[in-house]
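In the two complexes below, subunit A is the common chain; its partner is subunit B in one and subunit C in the other.
Moving on, here comes the complex of A and B:
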């Protein structure tokens, strides 16, 4: 497999000097994101996120299985990321690269461990039957900042997803097909989003949001902060690289809060649009078997 | 769920791959990317020709033996039309990502083990061809592919073109055929029980669907007679590529 081409010395010097003069190659401000687009598919639980030239597709699926023996009251929730050669010929099938491992770890920490999805609500019969929810993340095109785009896609897809409705009478669990009963949404607690910052310069004094692939290859350190729109931080990851002043980390965190609020409104807006698109003739309220909380 | 009756395609939309295409038809959507010719690994390379590496990835779940089977089908088909002898000791990588499959509203699917099967083959082949065209890889011919099912109703057996998921489930036999642009049969896969006579009927139906290009002035007469005008797959591929070339060559 060919290796990813590294930027040449001239390119490197040019980009770094431009950044020191406060300029980016694509003319964005240092804290500006590329154009972000979110699309939902015809089926439930498919989200397609485009961030500049980066494109990520998340698909959620669910089925009934037996729960893990050490967690009889919890459902199963997994996120799988596999970078295919579609994103870049440097990625090989069935051989995870460092990027892929870091991406799946971060998503795990952000979405799974922050309890965004209520696992107990996925339990059907304790110790015997539970829902297994699975998110498949497909990276179609890789042009930097995979983490932010992927996290947004995963969260949006999970919030868009509907699982088949069930009913329990005694020991008998009935799972209704979509033709019998309208599927129900997952019990979602909060929406965490990731915001990644890249640092440049000898002491990491230049801070960039939403670096593209070239900028990502040149950075001296990076920091990913995951939080929800209430400003509750789920995780902060700064994996090696040059040491950065504490002040810049605080600046990152405050920039992340406002960005996450934007993401959150975008997802809410798109979800509302999608519901409106599906609700033809206002029949959805009658079809729903869901109770008011 | 709405099923697209007309095929739709988008060419060269992924910026990293050498060629790419999204193709949707009959409820399937497949995104394809082609990289090549690129450097092959030393242990894989063939001294006289290029290796064709096909990767089929399901929308949900992990790929298993079924995907490997589909990959081998596609690999042996595409090997014959790509000019592999022009690129010795290289690799041509074709990645096909299935994104949408038609859902059967009456069954809850098992998803952890992905359930990809023969019905997706026409969509995969068409996507592969469009991606290869978008990557400008030299080929001896393009190909068109279709699937047909034989359904028995009141003791009568009849052929259904591009059947739905539910029709396939109820069908007696199911066939996938592909033809090159020189009207030669290149792939024939069948499932279920059928007689030789039925296969011949299927063959001629598929031949009509894949190989006859109604000339532009003929189209009017066809509509006048009230015949159902089939989607002309060959012309579809041609017009998609023509449009793309025209828009690429359009200079301000």
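Moving on, here comes the complex of A and C:
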């Protein structure tokens, strides 16, 4: 398996020394994120997230299948990640690296297991027909902090997605094309986001948010906290590395809360913009088959 | 193909006459190193050497020298992430002899020139001019910081008149602003910056990277330098 070229000793020594003087290579503050951009595609369910030079694209698709036999009332929801060789020479097709395994595992824990998507709402006919929603995540450029960017892309894409409207009469399920009835959004319960912190120094006393690739390669430990804007933590992952003080973890968590609120506002804002862009002539309200609650 | 007292020597791509290929009534033919089977029935040598057959074992192979490189004589150097490693002979440094060669550890940086770049071979580097035996600034780089820049930026910085032709004035501006630093630019898109103070290295690195990323003109570069110096002081 090709490995990423490790940073040289000079880079290692310099980055650590600069961090001890409170400086980052690109002049950011220690807790500052790079420029974050979120764009939606022309199709429903396509989100393109750029974080500095990191870029990920998420695409959501849905099809009707039979549910799992042990879960007849639930729909199916899967997230697949693909780190293509385009993003880094260390990635190969069909051979997941550790980065990829950890990424898909974290997304799974953050989005799927926190019940962000109501699986029961995907059921059409119990035990026979259900929606299978699938998110494909493509990493187009890897410059560190894939986890935060990917999670944001997945959540934004799922919230942007519309599945075809259906009606059930007896045992007959009708799926309407977009021309017949306006597609409907997924039943979304809450929006979890990941915030990753990197630790440096002998005891992990220096804490960085949104590390770039070089900083990621040099960190002694990292911690990913997933939570929603209400401050409800979905998971905390600190996989190996140097042990850090409990105080640092608490600091991480409180920094994560404010960051997640920013993420949440950004996604809400961009979604509203996108709806406005699509709603030409205000026809959307007439086309919608949903009832006002 | 030369035949000499029953010893057959082959070159890559030679035809092997069917009379030389052993045929055993029961055993399948075994191919050894240096031979490739081109279906349906052609055998092609891939290396130059002596063709050897064993009729008992029904096998055929090519004996050749090479494929082995003495390990400790070379350093392996990453030029970019996308290329196979280059080799740097341990004696290709200024004043290097078997006893006084530089001791580089894993992860050390060197400023080297590519002296051999053939297709299908690992490139070879040197840190010394072969004609004069002088280093001319090449050699191990100690301290400092390495920045990734675009290949175009590296070429512009390496131009003889980088300000007039390359339109890069940041380094000159930073120098005239009173910062003391040294740089080394590599064609592989690497910029090494060293200075006594960490802040100077950071300013130089950021100035060059922002010039590169935002495609700044000479005037904008001057403005950027003033801004950065104000920010960091």
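One rule holds in what follows: the second predicted complex is superposed on the first by the 290 of 293 C-alpha atoms of A that agree within 3 Å, B and C clash if a C-alpha of one lies under 4 Å from a C-alpha of the other, contacts with A are read in each partner's own complex, and residues count from 1 in each chain.
In the analysis below, a contact is a pair of C-beta atoms (placed from the backbone, for glycine too) under 8 Å apart; a residue touches a chain by one contact, two chains touch by 3 or more.
The model shown is predicted, which means the values in this text are computed figures rather than measured ones.
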Partner chain in contact with A:12 - subunit B first, subunit C second, else both or neither: second
Which of subunit B and subunit C A:89 touches, first, second, both or neither: both
Touched partner set for A:27, first subunit B, second subunit C, both or neither: second
Touched partner set for A:55, first subunit B, second subunit C, both or neither: first
Which of subunit B and subunit C A:269 touches, first, second, both or neither: neither
Partner chain in contact with A:66 - subunit B first, subunit C second, else both or neither: neither
Of subunit B and subunit C, the chain that contacts the larger number of subunit A residues: B
Partner chain in contact with A:4 - subunit B first, subunit C second, else both or neither: second
Common interface positions of subunit A, toward subunit B and toward subunit C: 88-89
List of subunit C residues in touch with subunit A within their complex: 78, 81-82, 105, 107-109, 141-146, 192, 198-199, 201-202, 205-206, 209, 231
List of subunit A residues in touch with subunit B within their complex: 1-2, 41-43, 46, 53, 55, 57, 59-63, 65, 80, 82, 84-89, 93, 132, 134, 136, 138, 140-143, 164, 175, 177-179
Complex interface listing, subunit A residues touching subunit C: 4-15, 17-18, 21, 23, 25-27, 88-90
Complex interface listing, subunit B residues touching subunit A: 1-2, 14-17, 20, 31, 33, 35, 38-39, 41, 55, 57, 59-62, 93, 95, 97, 99-100, 103, 105-112
